Amino acid sequence: MTRHQTPPSEVVFEEEFVRGLTEIFETRIVFNQVLGLKVTSLRGDRVTGRIAMKPDLVGHYTFNRVHGGVISAGLDAMGGLASMAAIGARHMDEAPAQRLQRFGKLGTIDLRIDYLRPGIGEYFDLEAEVLRLGSRVASTRMEFRGADGKLLSTGAGAYIIS
Amino acid sequence: MTRHQTPPSEVVFEEEFVRGLTEIFETRIVFNQVLGLKVTSLRGDRVTGRIAMKPDLVGHYTFNRVHGGVISAGLDAMGGLASMAAIGARHMDEAPAQRLQRFGKLGTIDLRIDYLRPGIGEYFDLEAEVLRLGSRVASTRMEFRGADGKLLSTGAGAYIIS
Amino acid sequence: MTRHQTPPSEVVFEEEFVRGLTEIFETRIVFNQVLGLKVTSLRGDRVTGRIAMKPDLVGHYTFNRVHGGVISAGLDAMGGLASMAAIGARHMDEAPAQRLQRFGKLGTIDLRIDYLRPGIGEYFDLEAEVLRLGSRVASTRMEFRGADGKLLSTGAGAYIIS
Amino acid sequence: MTRHQTPPSEVVFEEEFVRGLTEIFETRIVFNQVLGLKVTSLRGDRVTGRIAMKPDLVGHYTFNRVHGGVISAGLDAMGGLASMAAIGARHMDEAPAQRLQRFGKLGTIDLRIDYLRPGIGEYFDLEAEVLRLGSRVASTRMEFRGADGKLLSTGAGAYIIS
């Protein structure tokens, strides 16, 4: 294979690409709005985001705990974003708008979430890294942390890319 | 082990238990309300539910596709409900209210979702069955189907019980 | 997509393809020999196999239980075989030898195994079905059963194909 | 919960415990012998091991690649070993022999393996860490690396403990 399997970390994305990708992710993927999922950083091999706790996201009425589905949905979305950033970094020869169109073809193949500790707090930090970027599949690893930095959940996802 | 590992299917739940469990699941777990997840049947070894499609749940703006996170969140919730129904069926000697309190201690250990086909349609049918009910862990298998009955996603989850 | 996503079940494989695929699977994949994994049936959408218990496969010295790794290795191999059979069924226009060469390009993307009950018995029956056959990825579901038919473990795997 | 959820890393195991645990793992779990899986370090929160490549472990005849089942079996075993070490570190008040008996009750609940790159090389290094040690379930994360340190596969497993 001639393509690099490890996404480049040193690529600097253009303002237009960052703005475009963030807008698609935070707004046009409507359910991410429902989650309140915001992008906090975008790199070719690693992306981060944040979810502020709110009543809509409660999963356990007694403890005011975040719903496990918020965690799985958020980590799935972040793995997809990381895959998209990695593809973007691979195709820096294309115009930003052209690279953004690749997002439309991205799809999750499968996802695993491990719930380690109850998700309680004012906000949560999400992170995803691409472990391998092939020509057809991206493999990612994700983390979901509390406001105090404590690891609450981990995830792994495979994405179909093009 | 003296307890049965396969949850009984022939148990008939009391009206009070069904109403109570449905109310907790659909209303008090607030994020299930956000998903619009409704219980359609409750048995000791198998539960079913439905999600009506709505703009909030969109994950792919071009195709009006349901967000993968709706699928993972919905299937996680259903696996938990199936575990709860199985525990309820095991403890028919307890009063309904007492059995419902066990729900507060339920937690997802981990979850896997396989996305097979795009989720497009007016509504989706979810199903979960308990493959094994131990004294500490319940293992479940889930399916997410389109309005035409087509299998769109499958899931597997392990839950801590007590 | 013009290709069918569900592998055809009604295809009848030629003797040469069945013999060739079985030989590759049982003999040339050396570790399958170590497991003693034998093909018992081959269809376009579903394959079955069997592993006879032997001292080498013990994982738990006290109970003479089969090692969890035998289960994960066996189910991974069966998911790959099912994917290969599905690809074979899709390309019946190619000569058997040509179809068999596709096996060389098959690879597991990821795997999940749920261990439900201890694997004790004289032999074990394995089964894999292809839930979706895309142009690049095959999604499979697997089962591992005891000699009495009891479900001992379940699996899910994604495979890269071409 | 009064028990610590993070296994202590600073515990120093007695020679007797290390020797006993290594002997059970490498010898009495017969299938680990078949894999040639050796313990290289044992700590309360992290364990490492090594598998030397040999003809028996081949999964892909053309490339002399290690069988995916060797990876899943090895990582499952390592996750179990890490759980056992973590339990050992929690119960330093018990005699080594008594702690070793806890191994007999350990069981894998489920396992996920992500295959990133082909496993080719003279030997492979395996590592497992316990992300959370509850009173009933241990959650672990595993890595499988080539002789050059390259990450070839990752894993996640949940184990029932007591």
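By letter and in written order, the chains are A, B, C and D; residue numbering begins at 1 in each of them.
Definition applied: contacts are C-beta pairs under 8 Å (C-beta built on N, C-alpha and C of every residue); 3 or more make two chains touch, one makes a residue touch a chain.
Molecules present, by chain and UniProt name: A, B, C, D = Medium/long-chain acyl-CoA thioesterase YigI.
Keep in mind it's a predicted model, so treat the numbers as computed, not measured.
> Please report the minimal path length, in steps, between chain A and chain D on the chain touch graph.
1
> Among the chains, which has its CA centre at the largest distance from chain D's?
Looking at centroid distances, B is the chain farthest away.
> Can you check which chain pair, B-C or C-D, has more C-beta pairs in contact?
Pair with more contacting C-beta pairs, B-C versus C-D: C-D.
> Centre to centre, by mean C-alpha position, how many angstrom separate chain B and chain D?
One centre to the other, that is 33 Å.
> Please work out the Cα centroid separation of chain B and chain C, and write it as a whole number of Å.
Distance between chain centres: 29 Å.
> How many angstrom between the C-alpha centroids of chain D and chain C?
25
> On chain D, where are the residues touching two or more other chains?
109-110, 112, 114, 139, 156, 158
> When you draw the chains as points and link the ones that touch, which shape shows up: line, ring, star, complete, or other?
If you draw each chain as a dot and join those that touch, every dot ends up joined to every other.
> For the complex, give me every residue of chain A touching chain D.
Residue positions touching the partner: 5, 112, 114, 116-117, 131-132, 139, 141, 151, 154, 156, 158.
> Can you list the chain C residues touching chain A in their complex?
Those residues of chain C that touch chain A are 109-110, 112, 134, 136-137, 139, 156, 158, 160.
> Under the touch definition given earlier, write down the residues of chain D that touch chain C in their complex.
24, 28-32, 34-35, 55-62, 67-70, 72-74, 76-77, 80, 104, 107-115, 118
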